[in-house]
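Have a look at this one.
For clarity, chains are labelled A, B, C, D, E and F in written order, and residue numbers in each chain start from 1.
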Amino acid sequence: MSKQRKRKPAKTWERIDGRKHDELRPIHIESGVLPNADGSAYIEMGRNKIIAGVYGPREMHPKRLSKPNMGVLRCRYHMAPFSVDPRRSPAPSRRDTEISMVMRDCLEPALFLERYPRSVIDVFVEIIQADGGTRCASINAAAVALADAGIPMKDLVSACAAGKYEGRLILDLGDYEDKKGESDMPVAYMPKFEQVTLLQMEGIMTREETEECVRLAVDGCKKIYEIQKEALKKKYAAVREEAGQVAAEAEFEPEPEPEPEEAEEPTTEDEPTEDEEQ
Amino acid sequence: MSNGIVSRLKRKKIEEVVKTGKRMDGRDLLQYRDLQIKTRFLEKPEGSAEVKLGKSHVVVGVKSGIGTPFEDSPDEGVMMVNAEYTPIAHPTWEPGPPPDEAVELARVVDRGLRAAKVLSMEDLGLVSGEKVQMVYVDLYIINFDGNLIDACSAGALAALNTAELPEFKVTKGAVSSTDKTKKLKLRAHPIAVTLVKIGSEFIVDATADEEEVMDGRITITLDENNNVNAIQKSGPVGFTVDEIKKCINIASEKAVEIRAKVMASV
Amino acid sequence: MSKQRKRKPAKTWERIDGRKHDELRPIHIESGVLPNADGSAYIEMGRNKIIAGVYGPREMHPKRLSKPNMGVLRCRYHMAPFSVDPRRSPAPSRRDTEISMVMRDCLEPALFLERYPRSVIDVFVEIIQADGGTRCASINAAAVALADAGIPMKDLVSACAAGKYEGRLILDLGDYEDKKGESDMPVAYMPKFEQVTLLQMEGIMTREETEECVRLAVDGCKKIYEIQKEALKKKYAAVREEAGQVAAEAEFEPEPEPEPEEAEEPTTEDEPTEDEEQ
Amino acid sequence: MSNGIVSRLKRKKIEEVVKTGKRMDGRDLLQYRDLQIKTRFLEKPEGSAEVKLGKSHVVVGVKSGIGTPFEDSPDEGVMMVNAEYTPIAHPTWEPGPPPDEAVELARVVDRGLRAAKVLSMEDLGLVSGEKVQMVYVDLYIINFDGNLIDACSAGALAALNTAELPEFKVTKGAVSSTDKTKKLKLRAHPIAVTLVKIGSEFIVDATADEEEVMDGRITITLDENNNVNAIQKSGPVGFTVDEIKKCINIASEKAVEIRAKVMASV
Amino acid sequence: MSKQRKRKPAKTWERIDGRKHDELRPIHIESGVLPNADGSAYIEMGRNKIIAGVYGPREMHPKRLSKPNMGVLRCRYHMAPFSVDPRRSPAPSRRDTEISMVMRDCLEPALFLERYPRSVIDVFVEIIQADGGTRCASINAAAVALADAGIPMKDLVSACAAGKYEGRLILDLGDYEDKKGESDMPVAYMPKFEQVTLLQMEGIMTREETEECVRLAVDGCKKIYEIQKEALKKKYAAVREEAGQVAAEAEFEPEPEPEPEEAEEPTTEDEPTEDEEQ
Amino acid sequence: MSNGIVSRLKRKKIEEVVKTGKRMDGRDLLQYRDLQIKTRFLEKPEGSAEVKLGKSHVVVGVKSGIGTPFEDSPDEGVMMVNAEYTPIAHPTWEPGPPPDEAVELARVVDRGLRAAKVLSMEDLGLVSGEKVQMVYVDLYIINFDGNLIDACSAGALAALNTAELPEFKVTKGAVSSTDKTKKLKLRAHPIAVTLVKIGSEFIVDATADEEEVMDGRITITLDENNNVNAIQKSGPVGFTVDEIKKCINIASEKAVEIRAKVMASV
């Protein structure tokens, strides 16, 4: 194995699953998969299999956790015991707690929580099978589930990791690349506002690599954005008919504060061209 | 489970329809909803099954591991059945430790498998009193629309039927993994059939609405020889001995039907 | 041991403790054993030693668990750490949770819960020493404790297991028979209504055996019913004097719905005669 | 524990009676209620005792097991005292983890036994640093009417006195059970006596009502040589050094009385 | 070691750290160490390092724990995981629970809780480093923190252990003496009222030794009382200026009930002179 | 964390000041408060540090122990980082299990150390698959006034730098302690720098008040080679790619400053 790995980069470096450095794993997203939930989505991203369910806006229990002037977004990332090897306990781990927090922080900018005082929107994510990048896949499913619930959104949120593996920056790490690589950086992005709403990173990279890695991940997010919209198409059509073209469009207009113009430049030059050639 | 007037109206409506020999969704009293079973659809667990029974949706994963045997059976493997009511499955289900209903569900499914001696526990021993193979059966409820016991029981049997456990070799008390796997052999194929009593009528495969207004419930688990392996009555109502007999008869017929679908899926 | 067991059935089969197949273990029930409880009972059934205490009807805490139109019956089955060998943790197990549930379901049909809106009746059972059949013994004690608390009841609830051991159907399994036998079936019964309110079973039996086993257990329940009434006699007398003969009688009249006539037949032919002869 | 007016009236009444040198139930200030101790009445534990002190009713079970020693005493057995406030014992006691009072009860009884070196812990070692015999003392409260410390302390001593522990043999670090048992030898017989202060008076063996209105409490545990093994003061009040001395004197007399009843029961 | 120990008492017995039998370990107390707390104190007593923080009187949550006619004092004794060797879990142990209770009972007599109906005063103690006698050191810090919070007190509470080691009564046991000695007796004392408000003991002592040990500990408490007052001096001065001399003095007047005269005698003769000479 | 009007006023005030390039306490936007680090001030832990950053006050203890390795790294020691929000540190902090924020704090500090490969985990193995040395890093918050991540990260590095772990010897699979200790060697010195966004401005070393009204937060951890080891964005706001770049630049400068103080303290 180590021999193979050493030889590979020499001439025709390729990823363990044959992908190009900036190529996503196969993605499949389906919305409206749960009859009981207000909104839901199922995602397969690589070998990840994840279901997101959205309930709300609804009354919050216990009431003391609600806010008088705005709604609360609650997220819960949870892994099925059989989603990983070896089996894990169904009790939430500290990792689950943290991912639930960053998921909430990354989805909240897309919502109009000020419209739901004293209420809660619950986003529950169940990992049925885990590959690398469960949190990004979860965010992708959660964003689609929120839209599926008919909850007005400023934009969808799209998520994808980038990282470094065998000295190269790569997009959308699989499980093996995640564990054996030099670094991993999950990113979530709202394309309309050019805003990164999730950013974590772990590993060793130069500052330049780090910045390039962000751009690579953002590019991945943009591709996923299209897949998410595709999954929602039918739903959108229905919503438009119901609520009228104008209202639906209005909800996806950028808010005054974020200024997409400023952020334009780095996003346009974010192709890691030197890596791509190898 | 009831919240006053709404529930009483629902109850009245359902009871009236059931009296006519039909159900709210048009089914006959003793008719199951569409049952779909898909197996081997997950890669991490040793065995897996996805069951859709009407809008009830469960995933069953079978995983193995190495653990410690019980004191009174030092050479036997251990099977653990666990049920998880995920909060995506129903608006009233919340994250947190399993509610009493989930505990009962797991125990009823477990009891059916155990009583029928589905697994050869003695084949799962490794080092006497020290190490045995564990078989975890996780019942994961994805969407709830009633009759979880039957759906999970069928799912557990399907998942176990497809399970391939890693083989270990034991050298001087040390357990090491071989790269081989071995199909888990099942010695019986028990199926749970749950009847619900509404007024004086019995129905099978109740929906969430029907369960909400039911008087009581009885689950009968039977193996392929038509032997009874387990019974579980619940709900605040009694049954006459005759009613019990009648339920066993119905269950016995229905079990054959469901078992055929399970075995076709594996 | 196995030799002995093989030989025994040959001629003069008898149970490990010398009982006949349809013979109960010695039972002793005493009511009013706890000064603080509203009602209580102590039972010895075989080597089981169990105390049941009843508190209520009383206000429910937390209030959100109460029901606006009826009372709630709460049951708790709990084993002392020293009631079994080896010692067990005092924390409730999943088995305890399930038994608590089926106990509640089996006692509730005997009560007039609609009379106690927003209230709770608590039935707490403490297993001081466990032999086979703790849940049935617990139900027997709990029913007497409920009556001892002066809570009006449609009927007492009597419980007894039957099962299969060495190919024979037997009544009221002891610990050894429970563990080594082919099947175990705990049953609770309200004789006045001929209603089975607890029914569980585990093992392997033909359908015919299963039905016969129910009848055998029901017969056991009827015998226990008499012992329970005996234990309550003094109490009943007192209650009658207090509340007047008419009222007390009225409370034990069968409710309109259950129709005892229909159920009569199977109950009269429920002697498992062929087994008895061996 | 107080709920306003009712409690203040009760307090006033009890305090007035106590001032006259008597109690609500007619007892003298330094008089115990009827104390009944029954031993060997359970078959599962290695030792057992049932104590009725007036309407307070406790069961004590002593069980042994095999466990791991503490790091700093690899060759000594481990004694664990645990108290369970069962919900049958009092209308305000609820199921769930032990309340702080139960923790204190267990620790005070434990401290008395441990300080008096009742058990030869070194006799309970099996494999150094790996396996030792455990002795669990479970205090099970069946009915609560005050003075649990004295009742449980007497019950624990009685139960330990009757305990017969299984004997083990150790061969090359492996522990196997022999079929023999061995009487647990006790090296001391400590008895806890609890005094309660109401106003300026001290009483022994307080009822639940008296404890509800008390100012403070002091427990003194003494062995058969009249040595003090443990003291525990509680309640939001102070004692003068003279009062402490007085309490030790009273406890010393009462301990003899209770110990005689314990030893007569075993 | 055991040889040494045997020889030592022979001629010139002295304690492991060279102290005299009635000598305290070095004590340092500082008040007002926590910017956020209403009152606080840091104590070093031997190698103990402990911080006490006081919050309140403030509204109580949950409300059902509050009392309509008086305030509630809540104490929490807690050890940092690294305060002992080996590391301990941060979850509270049964020992922590008990010490929290006796701390509350020993501090409460010093407060005017009847002045704060429906409120709570929280005393939180964090053991940063544990030597013998953490509970006494904690009480000393807590009392100073309460005074630092400006909460009117009848008196300070001072705490110190005494015990028996190698046959001799000694004051203020260090860790080694605590673990290896024959007995340990933590005592808290309110000097103005000559009231012992904490008294625990564990070990084997004659009744006479026990009584003498109480006196020895009380003497230690009196010395600590002076150190506590010293630490509070500046604070007191400030408080006096604010509230007026009269009010401040009034609050430290003894309450009618306790009678210091009676208790005077034993306290004056409590020098264990025969031990001191060895 | 906000409670309506008060919070909105506070937010307005802080935002206005920040727009002028200054802070409520007079600092510049990119200026840290006074940072004091004291090491080796505790005797029980193997390493210790006390950090005061303005009024934020944390104690870090490093303790070692013996434990079991993870299944997938049988020869590597285990580092555990744990954060404790003590109730003395803030009026709203309550005793009990760590809140989500404490979990995140511990994980972010942990990730920085782990990603930079600060410890040679393989040097901490003892018996393959059975026993390894554990290194516990406990972050103990004594007083809270914002920016705990930077304070704890600096404290953890300082405490690890001063740690001396006991040496063990392994003979035939048995671990015994020698009386020697060995300085823990660190392979990197990562420092976390947290920037907070208020309106359109970024500040470093936010106080509790500033964190209460902030829009978002980003922590960047860098090692002495100016490599990035970890990033953690939080708060319900997004950052542009340019803003991220800017934050990395600022963090890179500030890390040098803080690292110098940490290294001077050890």
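The rule is simple: a contact is a pair of C-beta atoms (placed from the backbone, for glycine too) under 8 Å apart; a residue touches a chain by one contact, two chains touch by 3 or more.
Since this is a predicted model, take the numbers as computed values, not measurements.
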Exercise. Along the shortest chain of touching chains, how many steps lie between chain C and chain D?
Worked result: 1
For this session: Name the chain pair with more contacting C-beta pairs, choosing from A-B and A-F.
Result: A-F
Exercise. So which chain is the furthest away from chain E, centre to centre on CA atoms?
Worked result: B
Problem set entry | Same-interface partner of C-D, chosen from the options A-B, D-E or A-F, over half of the pairs matching | A-B
Seminar exercise, completed: In whole angstrom, the CA-centroid distance of chain B from chain E equals 59
Exercise. When the centre of a chain is set as the mean of its C-alpha atoms, what distance in Å lies between chain B and chain C?
Worked result: 27
Problem set entry | Distance from chain F to chain D - Cα centre to Cα centre, in angstrom | 47
Problem set entry | For chain B, residues contacting two or more additional chains | none
Exercise. Tell me, which residues of chain A touch at least two other chains?
Worked result: 86
Problem set entry | Chain contact graph, described as a line, ring, star, complete graph or other shape | ring
Seminar exercise, completed: Starting at chain A and stepping to chain B first, the ring reads A, B, C, D, E, F
Seminar exercise, completed: In their shared complex, chain F is touched by residues of chain E numbered 34-37, 40, 47, 49, 51-53, 55, 58, 76, 78, 80-87, 90, 92, 122, 124, 126, 128-130
Exercise. In the complex formed with chain B, which residues of chain C make contact?
Worked result: 67-69, 86, 94-95, 97-98, 100-102, 104-105, 108-109, 183, 185, 190, 193-207, 209-211, 214-215, 218, 258, 262-263, 265-267, 270
Exercise. In the complex formed with chain A, which residues of chain F make contact?
Worked result: 2, 4, 71, 100, 103-104, 106-107, 111, 114-117, 216, 218, 223, 226-242, 244-245, 248-249, 252
Exercise. Quick one: in the complex, what on chain F touches chain E?
Worked result: 42-45, 48, 55, 57, 59, 61-63, 65, 82, 84, 86-91, 95, 136, 138, 140, 142-145
